[in-house]
């Protein structure tokens, strides 16, 4: 088991965003978390990555509890997320966005940096190489020196993916990575997600485009009103009566 | 016990004016999201305005007070219109810098206009204090407190009972939605800033005759206004009123029983303590992640 | 060109006392150097982590008082006092960083102002330690070496100039290394997007405190230099005017750049001195206010970034 979520509950004032949610994510698989708007998908991501404290329940990663950790500590354990709304270091160059993402791969401390240790320069050169590889992987090498906010929307979303990858995730949580993209861009990103999985990264995906979800997932979990109403392989989910009712009946 | 009561009464009288200052600042903060570092200068402006009308134009004391408040309102409105409106949508740091600049410019303009010597404002009230049981109050102070209370009530009615107040509250709640519903955000901002500055000027005209008037008097007033706002909660009208009274009493007691040298430290201490102990309680708009 | 520019600048800076005859100009340069250190230190917070500290003069003043008091009361050699000033100011920065790290925007600003206000009141009221508003006169000049063995006293203006130049140069290069490293990228990440920074593993708390400590320590160093150069310290070092001056230097020069604050320091030390001949202090301050407003409206990014953008655009369209 890679990630296990156990009996999570989150409330916002009168809104119960998550009610007793439990699910598991298999290692090196693509698991999708779907559900109508407001189902609680982003909230689940926020709890897993330490942005929210659940009222009840816990999150285990490779058997160890994540609950109570701060977001950066969750990242240190190899769990990296992207955000639903475009989220970049906007006034910084494309290359530097990825360089920031590489933070955890650097080792140099405060004193070495102040004293101008030779290894600092070596590490910088090495990191720059990695950053350029990652940019080439997502197809943004030609944008390297541009300011992130100057990129067109689709490329900004690709850059978000690059920043996430830079943090060297073993579990990558993607919150609607292709929303707002055109079909060609969507196909590119889905191809990238497959290749990331092939490199041994576990993926938890939130996405509204059912065709994509059903095409790419090994496992699908359906949330509705903060509860898990179904889980299983895509074929099973597509014909699940409760899932159909949730999507057709709206809220 | 008697001195204690006397301190509390003195504190309340000062506190009424602090509340006026705080209400002005908290409205500007809450509705416009502007940290108005020039707030104290409008207080100074009020005091000098009264001095100007009285000594140079030889008007009646009460007319002078009204004139000074009008001056504050006009200059506040102009300040918003010229300096803040073009920056609508800029970060809070940017407007903060501009207001710091206004503060420096206004204070030094006042120094140039009046010189560094302190002035006093003549008033028509008798000097002999009124003795009410164990406490004594100067008639002037009673007038100041009464006027402050009236102004606070007036502001309260304006915000809770008028259409304008309703639009102000809507803007405070959610600017985008208010704009969609047809509220003239620009107009609200100008009026809010003018109104807040008017309240600061009123505080200045009221305290001017009690103390002396000098160009940097606004610095301490601004400090007090900020501590009142922090004490009462961001954008919280009732909080600012209570906070003002509390600060006045705390200062009088602090000066009376601890040391008068640290009187002004009370304001700083309040800001630091409240922000450090209950910062989450003061974040009126927590951001959503994701 | 890229090599010649800095080389030339270095030669000019190193030979200034040789060809600037008028000691008054050397004095202005010394003050500019001290302010350059302050502006660089404030820029680390304001320009890189995005936190506006309006109590920055507190660290300057703490440095000045620490150094002066150790020299006057305990007869410590000034260079030891200098190290102590850096240390004590750094500690104060740690304290403020630690307690206020949950605060952002206006709240952070208010806490820093209040901190400076409290320290000012203490310096005025704690007569036994600070001599109150009268201040501490007769602070000894800076000296290097060990008392009794050999000693190099820095009494002349040219000597003080070289000392300040050395410290300012060191401050510049330390900042340069820091902001171009993974730590500096961490600062920038926190300024741009705190949530995203944390989610790629940047410990926001730790880095903001680190920035506060380094920044405060640098301001403390400037304070110590100031105390031994002017040989007088009074509660005035805590005045808000100093903080405002630093902020103007950083904002006008260009926050988030290294050259900007230094340029700003020179401009806004030289400008008031030039104005002094023709106007009064009040007019100067009034003009400061007007300058700041004009900068925000017409040069919001500051001089250096504006020039950079202009150069880049010119290169792009030949």
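A, B and C label the chains in the order they appear, each numbered from 1.
The working rule: a residue touches a chain if its C-beta (ideal position, glycine included) is under 8 Å from a C-beta of that chain, and two chains touch if they have at least 3 such contacts.
Since the model is a prediction, treat every value here as computed from it, not as a measurement.
The chains touching chain A as well as chain B are C. Each chain's centre was taken as the mean of its CA atoms, and the one lying most distant from chain C is A. The chain closest to the protein's centre is C, with centres computed as averages of CA atoms. The centroid of the Cα atoms in chain A and the matching centroid in chain B are 48 Å apart.
Spacing of chain B relative to chain C, judged by their CA centroids, is 33 angstrom. Taking the mean of the C-alpha atoms as each chain's centre, chain A and chain C sit 41 Å apart.
For chain B, residues that reach two or more other chains under the stated contact definition are 289. Shared contact sites, meaning residues of chain C that touch two or more other chains, fall at 195. Shown for chain A are the residues in touch with two or more other chains, namely 51, 83. By the touch rule above, chain C contacts chain B in their complex via residues 52, 99-100, 102-103, 105-107, 109-111, 113-115, 117-118, 121, 124-125, 195, 240, 244, 247, 251, 280, 282-283, 285-286, 288-293, 296-297, 300. Contact residues of chain B toward chain C in the complex are 29, 35, 83, 86-87, 92-94, 96-98, 100-109, 111-112, 219, 223, 226, 230, 259, 261-262, 264-265, 267-269, 271-272, 275-276, 279-280, 282, 289.
By the touch criterion stated above, chain A contacts chain C in their complex at residues 49, 51, 70-72, 74-76, 80-81, 83, 87-92, 96, 99-104, 106, 108, 110, 113-114, 116, 120, 124, 127, 163-164, 166-167. If you check the complex, the residues on chain C that touch chain A are 174, 177-178, 181-183, 185-186, 188-189, 192-193, 195-204, 210.
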